[in-house]
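Labels run A, B, C and D following the written order; every chain starts at residue 1.
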Amino acid sequence: MAAVLDTSRLEAFSDGVLAIIITIMVLELKVPHGTTLAALTPLAPVFASYVLSFVYLGIYWNNHHHMLHVTHAVDGVVLWANLHLLFWLSLVPFVTAWMGENHFAPAPTATYGFVLLMAAVAYELLQRRLILIQGEDSLLARAIGRDWKGTVSPLLYVVAIPAAFISQWIAGALYVTVALIWLVPDRRIERALAAQSG
Amino acid sequence: MAAVLDTSRLEAFSDGVLAIIITIMVLELKVPHGTTLAALTPLAPVFASYVLSFVYLGIYWNNHHHMLHVTHAVDGVVLWANLHLLFWLSLVPFVTAWMGENHFAPAPTATYGFVLLMAAVAYELLQRRLILIQGEDSLLARAIGRDWKGTVSPLLYVVAIPAAFISQWIAGALYVTVALIWLVPDRRIERALAAQSG
Amino acid sequence: MAAVLDTSRLEAFSDGVLAIIITIMVLELKVPHGTTLAALTPLAPVFASYVLSFVYLGIYWNNHHHMLHVTHAVDGVVLWANLHLLFWLSLVPFVTAWMGENHFAPAPTATYGFVLLMAAVAYELLQRRLILIQGEDSLLARAIGRDWKGTVSPLLYVVAIPAAFISQWIAGALYVTVALIWLVPDRRIERALAAQSG
Amino acid sequence: MAAVLDTSRLEAFSDGVLAIIITIMVLELKVPHGTTLAALTPLAPVFASYVLSFVYLGIYWNNHHHMLHVTHAVDGVVLWANLHLLFWLSLVPFVTAWMGENHFAPAPTATYGFVLLMAAVAYELLQRRLILIQGEDSLLARAIGRDWKGTVSPLLYVVAIPAAFISQWIAGALYVTVALIWLVPDRRIERALAAQSG
């Protein structure tokens, strides 16, 4: 198991893909035909789903940034674990548009949660592989620690997906809850870094 | 408050998003059906709004470049302040297309100004956070100084937004004025750098 | 023959193009009109072809990453050999969409294989030029070695292209086989690096 | 005149924009409705114009890469000269599509030449500014030297633009000629580098 590749190109490629995903989502905000402010009203659910997905992708970029910042070597498995994460995130514009254009209808809203769930699983797999390479005593391993956010988020998605068929508002509220949980950047890593240099 | 992340990935990600935003705007320049030069005439307002937005995004990239150039450390709050800025800028292609396709109709022109205003506010918040981290004695703080441009621009937007409903030409002229004010790159930072090394 | 340019901008540009190619493919996943899970069913072939192409582009990025990692200097010919590779890869979204939307019809499926074949040839040309510059004793040359994968893949494409007109499933199975062959990252380079540093 | 900014972010941003321009052009290759190879025939002019523009953008990236490689400092004027170049290049997908979809009709073909001309002028302006900053004795100034290519290319465009209204084949032949002139990478810079290190 040769962990001999550096992280810079992995970060650059991930940044590129995330930047594109986050930006092409806005293409779903179709220019309205009318020229009054009222013409924007039908766009409200599309806009709301755009904001939600923008925040989610921002969270992923943010956490990815923090995680790779304390990673010094990667191997081929990491490259694929990272591509696996990017694959699920690449589906976010699709499910965002489907959910937004259909006013958070049950199936699209559940599918949105499914893609979020798979992305969360992919992130967890990537994180575990990185810890395996860096070692249990590494800065990364200590920074991640118990990782209650990483444990709770998939559980909330698992609740939200069937809940979408009962009421899309429950599912939506759960997605917003997970986003809020993560919105605070991952201070664990910053603290671990500060502790090390302090 | 741990300002321990370096700026390179923040710059790379912002460059990626700005590069994509500036480029996908051109997708709104729909290929005309005719094959004469006259077929380009109806595209004139779309083209004019494209040029204006290209210049605005160029200004943001330029100032962002200068600002980060004298920044040595960022923290999680900066990452989110930066994403907040990118969010408003990501809406520029949408409002540009809406304004251009409708020949600078009042509501789209006002909405364009609103997005510019929010981007200006987001830039100011990002700048303040960076100064807070770098310190009041930092190169950045000294380079920014009084920041009359940063104070005047939002005021001009606030005037332009209601003015669009009276005459879109007033609003348009104000947007062009703000662009011209900023078109000169931020010499303050270059001067501060020259003074330091001189 | 002056091999005096460094590889960083070549990598950055390639990362950018590959990131965009891999991401715009998802735009072909058109949002379905229905709001039931059944509305996703007609998307199955489009989705399957997306997954296949995502994996292929991931393989190219992965191998490109590994190859450039042990390359220290490039020249103008390499820049063009790299652009030639990116050209064929840029056609992947087009043939992916054509194949997926037509449920793997013979001609689109054969054309897909043709583009993969040309990309494989372009990759081989790039690799040879890099080995020529680095020298036969270089880390790259030793890492690549016999390169049975590089020899077998084009042969399988050459079989798959006419086979698509007999049965698209044979062609599809061959494309999946090539992907599986490469899915394991190029351990040769990692081993060569480990041997060197060991 | 403070030439105090480094070139890395300028290169990264330019790479990003060029990568996106080169890639979104392929979106104009609309998936054909038929499923036979014959269905690809109507795409021939679109494909031909795509290849031509891909090569042109490759040339610009290549030369930009070489030019910035021997540049060590940039200033605010350079940032804008570079954005000016990117602006004209950003119009390439638009004119490529207009020309390709209309089988090289006179006006679109002339407009294509006009955009190429403006890009060539913008490149020349950028180059002059860089030489001014680096100095007449700089590696860049010596490498560029007489720059006959830079002189001849705009002249050929100036001939091609009116010629397109007489025969689009003359214009097309001239565009291909300019591309071939530049297709050889800018050995002047590689030679100057080799001479310096030799």
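Odds and ends about this structure:
Heads up, the rule we're going with is that a residue touches a chain if its C-beta (ideal position, glycine included) is under 8 Å from a C-beta of that chain, and two chains touch if they have at least 3 such contacts.
As the structure is a computational prediction, the values presented were derived from the model and not from experiment.
Note on connectivity: the fewest steps through touching chains from chain B to chain D is 1. Interface of chain C with chain D: the two copies contact each other largely through different residue positions, with under half of all numbers used appearing on both sides. The greatest centre-to-centre distance from chain B, using averaged C-alpha positions, is reached by C. Spacing of chain B relative to chain C, judged by their CA centroids, is 37 angstrom.
One simple way to say how far apart two chains are is to compare their mean CA positions; for chain A and chain C this gives 26 Å. For chain B, residues that reach two or more other chains under the stated contact definition are 12, 16, 19-20, 24, 27. Residues 2, 4-6, 9-10, 12-13, 16-17, 19-21, 24, 27-28, 75-77, 79-80, 83, 86-87, 90-91, 93-94, 97-98, 101-102, 105-108, 110-111 of chain B are the ones touching chain A in the complex. On the side of chain A, the complex with chain B involves touching residues 11-12, 15-16, 18-20, 22-24, 26-27, 29, 31-32, 35-37, 39-40, 51, 54, 58, 61-62, 65-66, 68-69, 183-187, 190-191, 193-194, 197.
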